[in-house]
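Common to both upcoming complexes is chain A, partnered first by chain B, then by chain C.
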Partner chain A sequence: MTTPNTTRTAGVTNPTGAARPEGAEPGPRTGGSGASHGPLRRLLGAQPLGLGLSLPYILFLATVMAYPLGYAVYISFFDYVFTAPGMDMDHPFVGLENYRIALTDPRVLQSFGNIAVFLVINVPLTVILSMVFASALNSVTRWAAAFRVAFYVPYVTASVSLIGVWMLLFSQDGLVNTILGPLAPEPSWLVNDALAMPSIALFVTWKQLGFYILLFLAALQNVPGELYESASTDGAGILQRFRHITVPGLRATTMLVLILSIITGANLFTEPYLLTSGGGPDGASTSPVLMIYQKGIQQGNPDVASAIGVMLVILVGVLSLASTRLTKER
Partner chain B sequence: MRTRTPARIMLYVLLALAAVAFVFPFYFMIVGALQEDPTTTPAGMFPIGGWTLENFALIDERVPLLRALLNSVVFTLGVLLGTLTFGLCAGYALSRLHWRGRGVLFVVMLGVQMVPFQLLMIPLYVQVAGSYGLGDTFAGMILPFLINTTAVFIFRQFFLALPEEMFEAARIDGAGELRVLWSIAIPLVRPAVATVTLITFIGPWNEFLWPFLITKDATMQPLAVALANYISNIAQTVANPNGAILAGACALALPVVLLFCLFQKYFTASDIGAGVKG
Partner chain C sequence: MNLTRRALGASALTLPLALATGCSRSPVDADRAATSRGPIRIWVSNNEQELAWGRAVTEAWNAERPDEHVTLQEVPAGASSEEAISAAIVAGTTADLVFNASPAALPDWVRAGGLVDLTTFEGGREHIERRSGPLASGYAEDDGAGGYYQLPWKSNPVMVMFNREIFAAAGIDPDSPGMDTFETFLEGSRQIVGTGASASALWPAPTSDFYQSWFDFYPMYLAQTRGRLLVEDGASTFDSPDGLAVAQLWRALYAEGLAPQEESTDDAMTMGTTAMQLAGPWAIATYEDQIDYGFMPVPSADDISPEETITFADSKNVAMSSSSENRLTAWEFLSFATSEDRDGELLELSGQMPLRTDLLDTYPDYFAEHPDYVDFADQADRVADVPYLSGSIEIWQRFRDEFSASAIFGKKNVSEGLHDAAEQIDPLVQKGAR
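Moving on to the complex of A and B:
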């Protein structure tokens, strides 16, 4: 497999080489002394092939990230409707009108309120549980691999699969209610307007926790073991060591986990769409992304949907910034 | 070793309880999928009879199971191929080659990690389904995931860790950069290829929202979308849908879970952490 094979090398070259003919020809001059390419080298750097190799990725970022990002912001300021391909329609500038429509829609406001409920439950639970489980995993030697696999498995599994299971577990006559008996909530978890969103928050916490445990486990490798040993000698108990060594040692990762769990929460769509059949009951579990889908694609108002998207991103930015400050000052 | 015995036992009890909470739904899924009439009583969790494969036939009647699995495979392999080919090239260029724009690209990549897909959903849908006419095609499904930025980070990280002398030696021997990349650099980062394959596989295989938007034709839908449609629309009209839902859930979950269990040693914290943190 490692034997040089010209045809295969050419195959790798092709997509990039087409765009940059100089780079397509493998030869020592691209990496070596390129005296004859003086001006070119000054313009593109010592190894212009790098640009050629990165070109597909650069094009990808431009077409799939940068352009749609700009377009989303653009649409949000115009009166925009979907048109058949080839049809030209006027898209008059309407300023903040789409934002006004979104902000005066009680369903949209409700969806932002729901996401607040979600974050209040999901984010602290995620941070605390993943930190505790990672530290616990880090200090056991037996069965460590088996425990790790158990924690990661929900994370690698499709939401749709697990939602199918949770629907049966938490339905009216599901296993959870059978076990709870008279203690079961009425109406049941997913159709109860006070419990629907917390149920979703718990599902997402459970599903994603393995990923955050993984991040904390990586960070724990960098906390010096001598710290624990000297603390033990000084008579610190397990809780004291956790509080004074583990928690401060994991500060940078805690910040990352906070931000990532906020972003994940803001992106919530599949769970309200499936687990509570479209954000029910009565909108109690709609999410902003579900609103973007409903407004933009079901009701054909991509302009209002884009305005919701822009507001959501600004909100995530503000929350991420706030959590950065919070973890720094502590 | 560091903690005293009672604390140590507590630790194992805590971990074991948590592990059960994490694995139990999978047990429920598999047992239920193989039962004639999956019940939701504690006793029903340990069935002694009534084993059947009927549920898989039932779900196959409602959603074309094999076709949907095939769609998932094509979608996932397309993303994997794109990410490995272009990601290795970009990762190598970003770590080992000096060219103008390298710094800018790296900064852009860090920024990209912050852009939520959901903001791009509407314009991407307009572009891909409208302007490019790629609705109900694999190309339209694959395009937004073609190159995974986290994978580029991981490749860059691994290439950076290789000693410069190996590259120098190859160049002195007259190898061109592409030859160096193909014959020296890529074989040395095989663990990175395994890690990236694993994490990239998870994405499109489990992805719901984008293929759900872009495929209206049932014969083009990946299994996650087909199963979701079954759960939200068809299940209500069927007498006993639970077994079929669980059978579909198994079909969607098992390939990734098996792949993960086989290659879990490549699912390592430091590599993925490096990718996420940049």
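Moving on to the complex of A and C:
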């Protein structure tokens, strides 16, 4: 049995990990001075200094994440518009009306369908490619740094500049169509309603890959080399070693990559906005976040935009939970 | 986690709310501000010409009234000035006067309580209506019966700009193109592309932005209908034979490859990859050193004469923010900046048409020296703008979505596209576009 460093029992920290006999007085804390367990201790926890150091970040999170999220949930149930300071305007409670408006808007539904296409292409590609490339890079002994940088550069380069390059590559007269010649799609990639979202999914996969490779590379350092040596001695080939040692050894990181890529995909905005000029052709690459921007910021309907946002958060939560279950070690 | 620590967490979450409430800007006392004088700020567009005009006007004012100093600033950067101004209204940080207000966004700013009714100032209504004549009512609450929350300032009448060299290469007479009906316009476009004179006949942005219809469908619709707005009397107007004729023209242009479905990655007009574009007088300053250009009125199906053609105004107006604390100074500066002399200065520096009556007679010297602008000045008397509607941007977005699906990408026929757009827009209009 693994002995944790600390085990909580009825709110008291027992550094030995042993259960305290019922009714026994707690012993002195290791390295402590026998601090009292009064209300202040209960309020601030075992490590008040840690709480103090964390407080600025907690406040930051509360201000920029928790408060806006809570506020968005709140206004999604009201007929709400933003007003100038001092403007007295009624915001009547409308229940689920904003959700009904969002769910009956064909463009909103289309945006969720588009993001499903994106995730189906982007997420598996991201997980598989980043794991495979990380394993390959982990085995490379020469030029390893150069290869790693090559994968990482797109991730740290501004989307706007990369998008400019992709627009030139994939435009009707671009390099890709020139190479393809008569095989070039008509209409071209970014204005073809069947190809626009897959094109974006490929772009994002390529752009983000460096980050996920880095995660897998870090995780690979924790897979014992002896396992590979033993497997090799037993006659296991590269594929068998990858399947039976690398993949299980990276399970926790795979789950993290899976969830992060789902969240990143659900937040898709810049690429459809810039690469396909505001979600065209005919809304084929509009994402839910782009819809939130249009409804909330451009069109002055923050209530409907909030309802879309809440639905998106729920969807991402469900997908993340499902991913966790799927990749959980049995 | 025990209850007390939960309480601590909850406190951490509610603290920002309390701070936000405590720090929010307090509203301006409207009664006091209405008679108050003092320093003010104004926002103008960030283009070079308008900034030059802004500097000239503020310097002239500040020299005469140093106690009521006017500070010139550019409209904050954003995806569009409408979004930047909307955000500033909510935050209470708008400049006292905004010289770049879009008539499409303005009704919603009024609804949000962000603007001041200019008729509450002595002589406000008279100044606006005398300056802009009958056109003014299109920018007012209740067609002029109510207040004016914007002063109609300047227009950029949309016309067809063409490259004379490409026309000549295509065998079209640049001095008399004869492309004033939908049929001849389409024939001319075929000729331009068919002869290889240019890769495309015209290249408006085929993107989904709500305002793009102002530069393809709408000018021709206004011409064809003699000025019928997209929405009138509480209902859409475009699901009609006139709307269909315009949409069919655009469908033909896109279907035959005369207008590209992709956005141009460069300036197609300068690069010579297109022969025409729909443009306002600003285009003269942009292209005068680069191409040999000409202008013609937007076409219509029924051969409406150029003297009767109505086009899109693409105006920008001036609004006073309710966050202004020195509104009397703001109003007096606004009157000063839109006087005959200052409007002449705007014309001189930017080439944009002040929204006032009889431009040609008011500024004869300017137009004698700048004959290129005469057609625009003449056209400026026959313009129409976006309808004054709450929720206007959502309405234009719905229209754009359907126009994009049908006319640009041909995923449904144009008749169906217009009908579907009308079905979506009519309930929005009736509900006041929530």
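The rule is short, and it goes like this: the second predicted complex is superposed on the first by the 271 of 330 C-alpha atoms of A that agree within 3 Å, B and C clash if a C-alpha of one lies under 4 Å from a C-alpha of the other, contacts with A are read in each partner's own complex, and residues count from 1 in each chain.
Please note the rule applied: a contact is a pair of C-beta atoms (placed from the backbone, for glycine too) under 8 Å apart; a residue touches a chain by one contact, two chains touch by 3 or more.
Here the structure is a predicted model, which is why all the values come from computation and not from measurement.
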By the touch definition at the top of the document, which applies to A:Asp193: first (chain B), second (chain C), both, or neither? second
Applying the touch criterion given at the start, work out whether A:Ser277 contacts chain B, chain C, both or neither, answering first, second, both or neither. both
Touching A:Ile58, do we find chain B (first), chain C (second), both, or neither? both
Applying the document's definition of touch, where does A:Gln298 land relative to chain B and chain C: first, second, both, or neither? second
Per the contact definition in the header, classify A:Asp90: touching chain B only (first), chain C only (second), both, or neither. neither
Of the two partner chains, chain B (first) and chain C (second), which one does A:Leu256 touch, if any: first, second, both, or neither? first
Using the superposition on chain A described above, determine whether A:Pro39 touches chain B (first), chain C (second), both, or neither. second
More chain A residues in contact - chain B or chain C: B
Let me test your reading of the model: by the given contact rule, A:Asp234 touches which partner, first (chain B), second (chain C), both or neither? neither
For A:Val160, decide between first (touching chain B), second (touching chain C), both and neither. first
Find the residues of chain A that appear in the contact set with chain B and again in the contact set with chain C. 43-45, 58, 67, 82-83, 85, 167-168, 171, 277-278, 297
Per the touch rule, the chain A residues reaching chain C in their complex are 11, 39, 42-45, 55, 58-59, 62-63, 66-67, 70, 79, 81-87, 89, 107, 167-168, 171-172, 187-188, 190-191, 193, 277-283, 286, 294-295, 297-301
Hey, which residues of chain B end up touching chain A in the complex? 2-3, 7, 11-12, 14-16, 18-19, 21-23, 25-26, 28-29, 32, 38, 40-42, 45, 85-87, 89-90, 92-94, 97-102, 105, 108-109, 112, 115-127, 130-131, 133, 143-144, 146-147, 152, 171, 174-183, 187, 202, 205-206, 208-209, 213, 224, 227-228, 231-232, 242, 245-246, 248-250, 252-253, 256-257, 260-261, 264, 267, 269-270, 272-273, 276-277
Can you list the chain A residues touching chain B in their complex? 1-4, 8-9, 12-13, 15-16, 25-28, 30-32, 43-51, 53-54, 56-58, 60-61, 64-65, 67-69, 71-72, 75, 82-83, 85, 133, 136-137, 139-140, 142-143, 145-154, 156-169, 171, 173-175, 178-179, 206, 209-210, 214-215, 217-219, 221, 228-229, 232, 238, 253, 256, 260, 263, 266-267, 269-270, 273-274, 277-278, 289, 292-293, 296-297, 302, 305-306, 309-310, 312-313, 316
Residues of chain C touching chain A in the complex: 2, 4-5, 8, 12-13, 15-17, 19-20, 24-28, 80, 82-83, 86-87, 89-92, 108, 111-114, 205-210, 260-263, 265, 322-323, 391, 393-394, 397, 401, 404-405, 408-409, 411, 434
